[in-house]
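Both complexes shown next keep chain A, but they swap its partner, so chain B is in the first and chain C is in the second.
Now for the complex of A and B:
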């Protein structure tokens, strides 16, 4: 058998081929029983690891190494789940929903705690019904990771808070007219409200809740803030981006400090964008459309050319902005991809979700809904890698 | 603005009345009531925008058609998001067999290309079966007047299967409620 293969290899007169076949034959001759095992993830996580949500409805969170494109593992999840990682990287949290007979029967909502090395489920924390929407700020973790928050909508808004030290649900906080969770240190969270204010909710260890509202600072009808804006829990910095492209930098805290807004377009030397439906200009759009690199203070925003009311449109460029100078650093052009749901036939649709790694040599993770994830150099915009995997939901990285 | 608000209040009232006919789940109704009341207390520009006689055409309006409800550019879908029920055995105002319509809806204001007038559209999700696997051209994302989740009544991203026996999303419909002005 082996000799026959060697003979065929010699006939092929390829030295390289000969070596490969010889090595293959040697492996087949090795009769040592193979060991069998289960892989684990590396801890601490490599700097360019990212995790994406796959599928609509019942989903999977898939762990990728952005440097190799290799899939490292999967976390199965229930219906329209949300994801979180503990600040020390030791645990993943999945906020999820099940029905006992698949699509029927009793509904069960829970936050499941996973070991971040083995990806095995350690604990299920039962919770009341949560909101069923794939949005980044449906779930939040406090600075220390001792608290968790789950956004709920029935359709009145509320937030379920969790005591993660004891792995129990603490209680439910009514949040009328407001939504989403931007954690504030270890004390509580801030939400965006329909009257143009921020609601800040502080929760004591005993569960005592206090809620205060800022003065209204944006017009929720005329130029609303994307509820997929971004915040950094460690520094308390939040960047609330409006449909027209205004950035409201805010220091989250018991009393949030909201700075005067600056315009993304003006930072790029263009006129400030308005709300005209025939005002064609560069606009922010997408779903997870803003990412923040903490060390450099750079903001990454998915931009498209469009009129007003194109806030969900995929972007054809990423704009990199200096949040200290309010200036444009770079514009990275992207590549067109086929996509579903193209209502306006002549409007190309590109990417709707991005995230950026938090290391000193950051990369951008760029997702579309058609199963092509891209890894870009966050300094040059150069395409480093394409990962053809069925993903397109939100992207998560350590430290954000 | 006052006219706009009146228009919305009438629409809200209609939705709440319709709810009363659909379900007797009191706890659910009280939650809906809270949400709708909160919404009514706030100004609602999309209605007012549509009420303006000379509202300029949006991107959606320029391509909208009134003949084929199996396409995303059907005019009533200007603020719809999801899979079209008309591609899944139902219609733009009909849930597919075996599904359950959500008793409440999010709303939009769309322009009929045949008479250039604007109408309030109620979008309901059909629920209780896994997501309809329709062809890709039936997966839509209308954006006109859609607002973030803190403006619940105009949020088309969340699954609107509130109050149904199963909250699993199947597809979305859009039915005319009445003129916007």
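Now for the complex of A and C:
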């Protein structure tokens, strides 16, 4: 070894030594140095794990541990994407769109299949292009997870169905006058229609499609149903919530059974809310404004004080309702979040998205676009933790 | 599903996607819009574009071609029996006026000679039987083939609805 080389080697090792000294000094300061690597997610998912959609336009989906507040993983997605988790928890699905040069060039639409442990992309299933709509029920999975559904507006309504066993697209189903996807077992899906009915579409394994309409049960011009209403694919139980606050419990199936509606406000001892543009009362509002805890039959609804046609406003309270007794269990007041001024000047921004975990000690995940994600005890409403992340898009949990 | 939430979000989405479309196109020379044009822009323009063109494969182009549908009664009825049209919150008169703006202004050059404007009573009757049962895209495709074969309509009407289960073509927006 020449002198020069020896010098370089010594220099290099002294750098190493320096780093080692620094690191041990840090350790003594109680700071644990982090190394990089590829982590894997737990399977099955812990009950308080939640996944948020972030941003508008191009998005990411971020995995959080609700018990520690730690971010566990991140999925990069294309324009106005939608998300689904397979019932066995083994895969995530993202329906998404890309242009090869960002906002121009060839357009590519696909459903990307991710391994839920490693978050590596396993497969891209090409689908036709469609207008992109930022709605929760744009994407649905069947009970077994063998079928997937992508709502497509072109602007005639249709649904692209996927054979997820073989990871291929099955075809496109016309859905004139109806939209959104509430999966029905393994057979098909139900949609909300502009004439106030439900359309139920059954798809055979050979791709044969039959569509039936229920009798109209709501007036889409006077008191529409929130498209972010909620359904549980396993039991077929759905809760369609109207802008005034009527809850239509429905048993989804080949012939859906729609119960007589009950009023959220009446459940709380208030008069049934009407459609007056000057009628100030508590009203449901937001984006992902309803969550359902299956085991207890509790419904969680984001509520605000407002006139009719304020259904997009975020809420300042969560109301917990007993869906069997049609009664109010609790009201959880929320915290006003100061805004950066970009959206509503001088007004606090409230909460537009919530989700609830499905375990015996459930927590609520609450999002707003300005501040933090929040984790609340779903029984007491107590704030358990804040997570610094401006998510705002939507929150997903396993089992719903 | 109505009106107040979904189209707003669609509009937001489209604002992002089609941000390159000049907004000024929506205005006439004086900068003011007629109520019919305003209703077209608010109720139709989100998907179809304020001047009637966006992505011809995903959304039918209306510019210089929507008027062809007035060549026969079924085509004329089709335009106001489309669920998105029939279920609109506009009154019959407003809807007739918006349809006339769409056909005669946006569709300029494709309207058959002597075609009469839509009347409120006609629209009222047609929108009572929306096309919710038919396989809609196939139904349109049938009308389009008749228009091209029998009435010399532009072949670009065929662009819409070509399912692309695969990588997109270079000019898809």
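Just so it is clear, the second predicted complex is superposed on the first by the 349 of 400 C-alpha atoms of A that agree within 3 Å, B and C clash if a C-alpha of one lies under 4 Å from a C-alpha of the other, contacts with A are read in each partner's own complex, and residues count from 1 in each chain.
To be clear about the criterion, contacts are C-beta pairs under 8 Å (C-beta built on N, C-alpha and C of every residue); 3 or more make two chains touch, one makes a residue touch a chain.
On a predicted model such as this, the values are computed, not experimentally measured, just so you know.
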Combined model on chain A where chain B meets chain C, clash or fit: clash
First (chain B), second (chain C), both or neither touched by A:213: second
Contacts of A:79 with chain B and chain C, given as first, second, both or neither: both
First (chain B), second (chain C), both or neither touched by A:360: neither
Partner chain in contact with A:307 - chain B first, chain C second, else both or neither: first
Partner chain in contact with A:277 - chain B first, chain C second, else both or neither: first
A:31 touches, of chain B and chain C: first, second, both or neither? neither
Chain C-contacting residues of chain A that also contact chain B: 56-57, 79-80, 103, 105, 107, 129, 131-135, 153-157, 176-180, 192-195, 220-221, 224-227, 309, 311-312
Chain A-touching residues of chain C, taken from the complex the two chains share: 1-6, 8-10, 12-14, 16-17, 19-20, 47-48, 55, 57-59, 82-84, 86-87, 89, 130-138, 140, 160-161, 163-170, 172-173
Sites on chain A touched by chain B in the complex: 56-57, 79-80, 97, 99, 102-105, 107, 129, 131-135, 153-157, 176-180, 191-195, 220-222, 224-227, 276-278, 306-313, 340-345, 347
Partner chain A, residues of chain B touching it in the complex: 28, 31-32, 34-35, 38-39, 41-46, 56-60, 62-63, 72-73, 77, 81, 104, 128-131, 136-137, 139-152, 157-162, 165-169
Residues of chain A defined as touching chain C within the complex: 56-57, 79-80, 103, 105-109, 126-135, 153-158, 169, 172, 174, 176-180, 192-195, 199, 211, 213, 220-221, 224-227, 243, 309, 311-312
